[in-house]
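The two complexes that follow have subunit A in common; it is paired with subunit B in the first and with subunit C in the second.
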Partner chain A sequence: MSVPTSPRLHANPPFLSAARRRTRVDFLPYLLFLPALLAIGAVLFYPVVQAILISLRAYYLPKVATSGTPFIGLANYRAISEAPEFWHALLFNAVYTVGSVVGLYVLSLLVAMLLNDEFRGRGLFRALVIVPWAVPYVVAALTWIWIFDIQFGVLNSVLLRTGVIEKAVPWLLSPNWAKFSVILSTIWKQFPFAAIMLLAGLQGIPRELYEAADVDGASALGRFRYVTLPGLHNVSLLVILLSGIQIFKLFTVIYLLTAGGPGHATETLVVQTYLEAFSTFDMGRASAIGVVTLVITLVFSFLLIRFGYREEAKT
Partner chain B sequence: MMPRRLTAILLVLLVGLAIAPGAALAAKTALRMGTWQADDPAFGPFYKEAIAAFQKANPDLEIVLEHSPSAAYWDKLLTQIATKNAPDIMKFAGYNFHEYVAMNALEALDGFLAKTDILRRFYPVQKSFPVVDGKAYAVILMQRGTAVYYNMRMLQEAGLAIPKDLKQLAEAAKKLTKKRGAETVQYGLGLRTDPKHQDVQEYTLLFALAYGSHWSANGKWVLTDPKVIQGVQFAKDLYDAGVSPLSAQPNLLRELFWQEKLAMQIDGPWYYAQIEKGNPKMLKDVGSFLLPTAGGGGAVSTGGPMNLIGVSSNSKFKAEAWKFIEFISQSEWQRKFADASFNVPGMKGALSAEFLKANPWFGTFQEAIDVAEQIPPPGFETKFSPFRKTMNGALGDIFILGKPVQETLKAAQGELEKLATR
Partner chain C sequence: MRGRTRSRRGPTIARTFRIALLAVVTGLLLFPFYWTLLTSLQPRGAIYKTHPSLLPEAFRWQSYLEIFQLRPFDLWLQNSLLIAAGTTALSMALGIPAAYSLARFAYQGKRSLGMVVLITQMLPASLIVVPIYLAFLRFGLLESKIGVILAHASMTLPYAIWMLRGFFETIPMEVLEAAMVDGCSRLRAMLRISLPLAVPGIVGAGLYVFETSWNEYLFARTFISRGENMVVSVGISTFIGEYTVFWHQIMAAAVISALPAFIIFFVFQRFLVQGLSSGAVKG
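Here is the complex of A and B:
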């Protein structure tokens, strides 16, 4: 086992014997690390451990007074796995995450490429593109609610007036449209972060590569295919994994737009966790769904770290 | 040497300063009170005045208000209860009160109540609604019923009288709906149909009640009962006829009414104050009536006890917390509550003759108290929150997606039966 030693010069005074110098442990790094560890432990690990413990108990609040919270092993996990709503939420969570990530990646790549070109007012546009990201989630969701309103919403109004549609679209009120609408508003909210990262990636691609491609007679598509995309490989991976993790556990947008409805149409695992806890009062099942969500997010995070290290090692 | 002495003196002074106010506070017992109404123009001033008077009468007690907006209040309270950190004094809505009793969140108040005349002075419902397994867990603060607000001018111009049955109501709603081209410029009757909003099931329940049934009866769900189906179908037909904005939330309907773009809208007594604020000029044209039964000859309403106040079962200061509840249950404060909030409090006769004379429109809401049915389905009071979610979803499917009433209600009944076994 390796023991960290201080990198400071003269950390081991010369009068110490060689043996003592070898065995002496420098506690300073641990001490410096301790406050952060304690803070993280208090606000992160403790609740996670609690959630895992609660998920192993019958913790239905209206029955706590009469039946207590007996240990029931994996019964909550069995119960959620037998509920069609859980599988529906898991499936929609996947659709929502993939749909949003694909949408935001394509949009942010287009925006990043536009902003990478030189044109008048580029600085202003680069600043403006941040706006959706800077707007708080609640404000963004409330704005979208009004945009999507079936009767008074600007979207239906424009589409009706321009003759694109003949009848108002129930954006948030029909299951399929609601799924589309929450993905659309998530893309709008999340794309600036990805666009800025991709823009930074584009700026890191050497000009010479494009010039060489030009000399070789590559078309615009060829330059994009053989220079831009490979040059953005690492950043793209990071953008996709980071956005995927964030969108997978995103609560505010969906809850405010649809509260998981109509029916269960737009319920994701986090929304279902909330509803199970605060509408049904079943803390045991809510914790079980929460733990499943955590495991999935951890897998994503593991992939992120693994790919991150691998790419770092390559470079 | 000097700096050390100076430091010591400063330290002593600092410690002294820190202890002094603490010592003064230590003499007082701080009682935490949870509410969602502290900033409400109707209720806030009442609580502020009542707390000031209570603290003056009880200098050893201090009420610390813990206010959260309505939407966040319930999540916060649930978390506090689950972590045994609930406020000493807690307020509840009538529709979810029994869920919290089931969670053992409230202290039984019978011992305290027995030493007062509250049961004698209050409406008889105080002896039944907050009582579970023979124990009373709260004091009723406010009761309400719903009624139909109408724009007298619009009805007169259309040559309509106040509807006496549902058929007349439907005719009036259709006649009062006016279109200019494809655009509706005036709606006849506001229907709360946005499934995301908690009120949908309550306001649709009114029509089921008009046909003679609640969502449950004798401890069983009766969503497939013909009376319920007829009631929901009636509301659905009206909605399909375009008398109400699509997927409407209460605030939208309220605004349309005071903008004189909606002729009739169902609401509680507090809405009058909102009209007064939104468009005081139209007050002279505002009337109200109780929703008639399907065949006429009767009226229906929803509500009953709506605000209740109780003591946390985890409170260290139960007797002190009760003191405040007893204080605001006095006749003087019950009258003040009625005057300030335009609501019927728990005590009988709190509304003075002068108040009713000055506010004749309120008579309808006083009558509503007598016929108002409780919002939670009888027998399923402790399952109200999950019920509401299921029922609102089903009603959303019916109103918004146009799913057939009977089949959708049957499916909802199945879901609710599963829920009941949990």
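Here is the complex of A and C:
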């Protein structure tokens, strides 16, 4: 048991580093991380490599026993690039992500600003507003399916009774309305995280800035434009990128609400991957679509790490 | 000074308007919950009509019993419980040492390891589900709880490491140094001093993992599609497009299956919010 001779409380205490055993590499931290690294490697990185390899093969599950899984190069990629469904899914994936993120950002900002005020019951309101976060995706999907029901759904009933619409709307049954409906449900389920982050951001804006704006005679709009929005710049970037990446690869909401239908109207890349893999059982083609999803996600993750986190670290 | 008092008390009308607006927004956001709960407590006649009443017409709780008779609902709940508990145990067993390593040591490659953790959160589940499915098919892990636990743990482990690291970092270094002066090895200092101090954080991260596994759908559905190992999230999704189970019963099942997540959420709301936002913000 080696006792450090002069324990000093500086920025890099002996506990942290192997400084006291300068000549040897300190294995303990690596050893502690190793089990987790192996697990992550086995169940996350190995499958990614495997998926890339599968995407280069003809891998039709029912026929694997008879014709094997021959290497076919980029044929799967060529096939999806010639399929209109793929381009449609890519386009709708973009619409779905951008639409959801814009809606979610506006809603979160509104909620965060309303909560950023001192009044009694604020804690309660804050807890209540973020409840959708806690609800399981499957339960959220069931709830929305019931609300959107064309015949007995409460949404149609309320809109009919208040005269907003004259005829029941096929929320999940017509291609265009289905697109709208999955975006609406996604916003509802995903906004709490953004609201909490933006609230934290608002609380980080120094009060003096608002006071200074008041002294200068700024209107409420002016305060919002010149103090609130710039003050939220970094956290907004983070929230938009994080939510965007998450929504881009969100599966359960769309899969349960519409299963990508009607037709292919609400198919995103992840839903199409899943359907190719587990309805058609064409694992090669599914993996090719999956790899495209991965590449897009990684590009945005790179932006997140490059700008989102770095900006945050500066503040 | 004037500006300060004004911004704190504010003009009463604007203030009232803001709180009223907040109440309306909150009401709209909570309406789906209200509607789920209300539907689950109504008789069939009250909900299967074009204009259902927005207020309760009757009180009928029997749907909560019927769901157990219509489907093996108790079995689904039990399976979810076992899988979520297994996932939590596995994630903590692997996550605690890894998080401790990131939080308390300075070493080469630490940044890259932190990055690995971050990147895993970005991988689309739809991509990795295909190779995992094929591997499970080969090793006979389909339709088993073990397979789903492995898949869930792979998903929750990075989050657990990220959250735990934040908690370990809050333990003052002086405590550890004092222990080492007293002759503790670094490993003993971790087990004897850091772990007990981090218990609240470990419990918080564990509950978060439990909730994630309980709520998960994609892996659970793909690896267990039928039979006696089905979990509750997948079980209740089979009601969609089914006409032998009525909506008041479906909503009762939904309420029950959301309950664990809700309890965890409300008890640890502040805590989870803190852990998540600190994990997300930390570079």
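Convention: the second predicted complex is superposed on the first by the 284 of 315 C-alpha atoms of A that agree within 3 Å, B and C clash if a C-alpha of one lies under 4 Å from a C-alpha of the other, contacts with A are read in each partner's own complex, and residues count from 1 in each chain.
In the analysis below, a contact is a pair of C-beta atoms (placed from the backbone, for glycine too) under 8 Å apart; a residue touches a chain by one contact, two chains touch by 3 or more.
Quick caveat: nothing in here was measured; it's all calculated off a predicted structure.
Once both complexes are superposed on subunit A, the partners subunit B and subunit C clash. Once chain A of one complex is fitted onto chain A of the other, the partner contacts of A:Trp188 are limited to subunit C, with no touch recorded for subunit B. With both structures placed on the common chain, the touch criterion links A:Gln151 to subunit B and to subunit C. Shared-chain residue A:Pro35: touches subunit C; no touch with subunit B.
Of the two partner chains placed by superposition, only subunit B is touched by A:Gly261; subunit C is not. Taking subunit B and subunit C in turn and counting the residues of subunit A each one touches, the greater count comes from C.
Looking at the shared chain after the overlay, A:Leu44 reaches subunit C, while subunit B stays out of its contact range. Of the two partner chains placed around the shared chain by superposition, subunit B is the only one that A:Ser174 touches, whereas subunit C remains out of contact. By the touch criterion defined above, A:Ala65 lies against subunit B but remains apart from subunit C after alignment on the C-alpha atoms of chain A.
Contacts of A:Phe278 after superposition: both subunit B and subunit C are touched. Clashing C-alpha atoms with subunit C appear in just one stretch of subunit B from the list 23-31, 41-49 or 77-85: 77-85. Overlap of the subunit B and subunit C contact sets on subunit A: residues 151-152, 277-278, 283.
Residues 74-75, 78, 81-82, 99, 102-104, 195-196, 245-247, 252, 382-383, 385-386, 388-389, 393, 396-397, 400-401, 422 of subunit B are the ones touching subunit A in the complex. Interface residues of subunit A facing subunit C in the complex, by the touch rule stated above, are 1, 3-4, 7, 9, 12-18, 26, 28-30, 32-33, 35-37, 39-40, 42-48, 50-51, 54, 110-111, 114-115, 117-119, 125, 127-147, 151-152, 154, 157-158, 160-161, 188, 193, 196-197, 200, 207, 210-211, 214-215, 238, 242, 245, 249, 251-252, 256, 269-271, 273-274, 277-278, 283, 286-287, 290-291, 293-294, 297-298, 301, 305, 309-310, 312-313. Residues of subunit A touching subunit B in their complex: 60-65, 149-152, 168, 170, 173-175, 258-259, 261-264, 275, 277-283. Residues of subunit C that touch subunit A in their complex: 3-4, 6-8, 10, 15, 18-19, 21-22, 25-26, 29-30, 32-33, 35-36, 39, 47-52, 54, 93-95, 97-98, 100-102, 104-107, 109-110, 113, 115-120, 122-135, 150-151, 153-154, 157-158, 161, 173-174, 176-177, 180-181, 183, 185-187, 189, 211, 214-215, 217-218, 222, 233-234, 236-237, 239-240, 247, 250-251, 254, 257-258, 261-262, 264-266, 269, 273, 276-277, 280-281, 283.
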